[in-house]
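Read from first to last, the chains carry the letters A, B and C; within each, the first residue is number 1.
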Amino acid sequence: MTTKMRGLLGACALTALAVPATAETLTIATVNNGDMIRMQKMTKPFTDANPDIQLEWVTLEENVLRQRVTTDIATKGGQYDIVTVGNYEVPIWAKQGWLMPLEDMGADYDADDILPPIRDGLSLDGKLYAAPFYGESAMIMYRKDLFEKAGLTMPERPTWDFVFDAARKITDKPNEVYGICLRGKAGWGENMAFITSMAASYGAPWFDMDWKPQFGSEAWKKALTDYVTILTEAGPPGASSNGFNENLALFQTGKCGMWMDATVAASFVSNPKESTVADKVGYALAPEGEKPAMWLWAWTLAVPASTDAPDAAKKFVGWATSKAYTEQVAAAEGWANVPPGTRTSLYENPEYQKAAPFAKPTLDSIMSADLKNPTTVEVPYIGTQWVGIPEFQALGTAVGQQFSAALAGQASVDQALQMAQQIAEREMAKAGYPK
Amino acid sequence: MARRVSDRRRWTFTILAWLVALAIFFPILWTILTSFKSEADAIASPPKFLFFDWTTENYAEVQARSPYFRHFTNSVVISIGSTLLGLLIAIPAAWSMAFQPGKRTKDLLMWMLSTKMMPAAGVLIPMYLLFRSSGLLDTRFGITFVLMLINLPIIIWMLYTYFREIPSEILEAARMDGASLKNEIVHVLTPMAVPGIASTMLLNVILAWNEAFWTLNLTTSKAAPLTTFIASYSSPEGLFYAKLSAASTMAIAPILILGWFSQKQLVRGLTFGAVK
Amino acid sequence: MATRHQKSLARLMVAPSVLLLLGWMIVPLSMTLWFSFQSYNLLSPGMEQFIGFTNYKYFLSDPAFWTAMANTLMIVGGVLAITVIGGVVLALLLDQPIMGQGIVRILMIAPFFIMPTVSALVWKNMFMNPVNGLFAWMAKAVGAQPIDFLAQYPLMSIILIVAWQWLPFATLILLTALQSLDSEQMEAAEMDGAGAWSKFTHLVLPHLSRAITVVILIETIFLLSVFAEILVTTNGGPGYASTNLTFLVYSQALLQYDVGGASAGGIVAVILANIVAIFLMRMIGKTLE
């Protein structure tokens, strides 16, 4: 062997030794909302403490992410080590045995600190199957200046009648001020999220205890009629294609008097860099009819059972949803930018309460969410603005299409409800309900 | 006899053509302009056209957020790879169908085109399962192969059409001069067909570059091209138009530049061989 | 005058492509066919059973099925009409002596290079939005009521967006075909006193027929499976107004991971697409001879 060869071999050997033998790569699938994106930039403390773990991020839009992750997990494709899933999927997947229970998360993880409605929604048989990264409920954001001008005061939790009345009073269509903006775009996570929650507060469930669809009921008729009426009278044009983003844009450019939607919107509309009405926003809890309108959603990190790096994955999940992480974000970008809605300790923190004026309504909203009893009658499913059955994505979208047609004036409320009933009966029969 | 064109006629047509071109290009122009706006300006109404605070914060954020270069490399490898692979298989096939047509050639061509008619959504799960079992998920080779297969019918069709335009007498003359088949294809046919091959290549690179179903579903991170890069910017919650515009501009710029430079080839190539 | 040796060589050269496409077609296709007869849902694995034609019956009896079929054909027809006619007009325009031809050409081709999702988003939010969009602003500027494109004319809006994307393709192919037109013939016709219109119908159009055929064939293949634009703008709504077959397969089957249903829908779509293709070939196949 020549000296050069020996030298080369030696260098190779040294390099081989230098690389830790247990270098693991964690492929993390996440949704592209602000908090997740922020997390991707803040992983230094984790990688410093765990030099043998490499992080590989796959960021996708919510619907694409859901489809990809579900396909992969269901076919045991093994592409992801950590997945971001909502509290809609977790109970369904946990039952299938697709997720690893998150036990032994470390002494200072403090799983009991997680807000009870969220923790219960993510657990099966007392074991936590996903760690909540971010939680939200719904609230009404309204323009304090417009309310003042009309001589109205928003109660802490208004009734639907109050909301409709106020919307009519502050509408000024010639000047492009619309009393209320609500979701209208067809989709199970778009208009149906809002309508499901609203209908439940009117006492209208999706199914009765025999799994029969209930769209023919009086309560549904009243709920849908009120929805279509108020948006036609006091809503913006084109409401039937408006989703969260379109309404956000409308509110931020000053065109909405009120907007009921996810609590995450509060941080956007109060951001002076994006919103022209940042300093004029007030917050109230979601309206109540027979019952308060409920809404509970959490983006969570879960570990698929088919992963090849379970310990590393659990370590990361534990770190990303820990109290230490929130403190890190607070130090770097302020308490207002901390991922909301997951831990009681966050809401007891006076600094957070100071920095986020919408903290208390958010907490109250989340705590009032009851996944098992969303409406006045007993129901065989769980879910507040969604229904926890696998068929809901397609069913919700199909029904959502009918309701958005009613809003667009292309079908009457009765026709829309009839179609919805027909579609639901068909789908449920095919899926074999009652099971 | 040279055709004298009046100056007025020239000017009228020039203005007309420019107006139409700008109207068609306008949405893209808007996207590029929006990429330099802040998110608030992007949704402002009345829409701000040129007078706003120009900023490059969107590009900075896009760069910081995702490995543009890796996605870019993947896109280049996948698009060019699938096109070259496709050409390798298609040129002999198109030659044989154009110059040695059999009774069944037309049917064969139609059948090939019909393989494109299966909606991808219907065949997604079988493909995913196949890929999973063969370990091809999230590999450049896997996605290149799939893109080659879905575009192969188009490549064969276009080449077939171009080859049909080439007068077979030239090829026969070469044959009679004693050229072997290989020589015939490489030294006689190919030079004459270069414009056609070039435009087929360009069309396929574009189709592969923009393909957003299989690329989103069969790749994860290592082999993910620019289509996934863009997909991470359209969010259902939160403003993103300015950032999406920046990401899109970064994604189409290479193709626009490629199109600009290969314009002449494209135009000559599509002249169906009749350059007299 | 091919020798037998050449004939077999020819067959050999076609072989790889045929084999590959055959494999590409047969393997997933047969899996899809197999799944279509099962009640296979990804979310309840291990419960598959043979259910015969139930998936097909279900898909064909979907209240949206006939509307989706009609919409599919309308999208194809509408976009073809706009792009072929528009393409011919633009090609004629570009064929004239213009200054800065290169730039004009690139400007006109550009829409073809953009990802369909992005262009759909741009059209939806920046142009068609009845409150903040450009069209609304233009309408308000002249005192008219802004039109809510996506709610009142969903299918037309989709056709418009897709046509915008494909117009460059058609224009380019037609333009280059135009440029191979024999100018001597044109001048002879002129000297014979033929007017512009009759020159067009008797000389230009026939010459373009082959190019038009290619445009129609290629575009039809892609237009039958328009998907991204619908997903991003209207999600198939309102009602079923903008749902086409591909979207129906997606929303009814894929969204709930009903592989059996999605497979059956896919097979139905293939059969229908083949019928359309056969019709097309009958009508315009002769020009390809």
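Operating definition for what follows: a contact is a pair of C-beta atoms (placed from the backbone, for glycine too) under 8 Å apart; a residue touches a chain by one contact, two chains touch by 3 or more.
Keep in mind it's a predicted model, so treat the numbers as computed, not measured.
J.: With centres defined by CA atoms only, which chain is the most remote from chain B?
T.: The chain lying farthest from chain B is A.
J.: Which pairing of chains accounts for the highest number of C-beta contacts?
T.: B-C
J.: Report, in whole Å, the distance between the mean C-alpha point of chain B and the mean C-alpha point of chain C.
T.: That gives a centre separation of 15 Å.
J.: Rounded to a whole Å, what is the gap between the Cα centroids of chain A and chain C?
T.: 36
J.: Among the residues of chain B, which are close enough to touch at least two other chains?
T.: Residues 43-45, 124-125, 129, 231, 234 of chain B each touch two or more of the other chains.
J.: Give me the residues of chain A that touch two or more other chains.
T.: 67, 71, 75, 190, 245, 249, 253
J.: Which residues belonging to chain C are in contact with no fewer than two other chains?
T.: As it turns out, chain C has residues touching two or more other chains at 42, 125, 131-132, 253-254.
J.: Considering only the defined contacts, which chain B positions touch chain A in the complex?
T.: Result: residues 38-40, 43-45, 64-66, 124-125, 128-129, 132, 137-138, 216-217, 220-221, 224, 228, 231-240 of chain B touch chain A.
J.: Which positions of chain A touch chain B when the two form their complex?
T.: 27, 29, 31-34, 37, 40-41, 56-64, 67-68, 71, 75-80, 189-190, 243-245, 248-249, 252-253, 262, 264, 268, 273-276
J.: Considering the complex alone, what residue numbers of chain A touch chain C?
T.: Contact set of chain A toward chain C: 67, 70-71, 74-75, 92, 96, 176, 185-187, 190, 236-238, 240-241, 245-246, 249-250, 253, 255, 390-395, 397-398, 400-402, 404-405, 407-408, 410-411, 419, 422-423, 426, 430.
J.: So in the complex, which bits of chain C are touching chain A?
T.: Chain C residues touching chain A: 41-45, 58, 63-64, 124-125, 129-132, 146, 148, 150-152, 233-241, 243, 251-258.
J.: Per the contact definition, I'd like the list of chain B residues that touch chain C in the complex.
T.: 1, 3, 5, 9-10, 13-14, 16-18, 20-22, 24-25, 27-28, 30-31, 34, 43-47, 89-90, 92-93, 95-97, 99-100, 102, 106, 108, 110, 112-127, 129-130, 149, 152-154, 156-158, 161, 172, 181, 206, 209-210, 212-213, 227, 230-231, 234, 241, 244-245, 248, 251-252, 255-256, 259-260, 263, 266-272, 274-276
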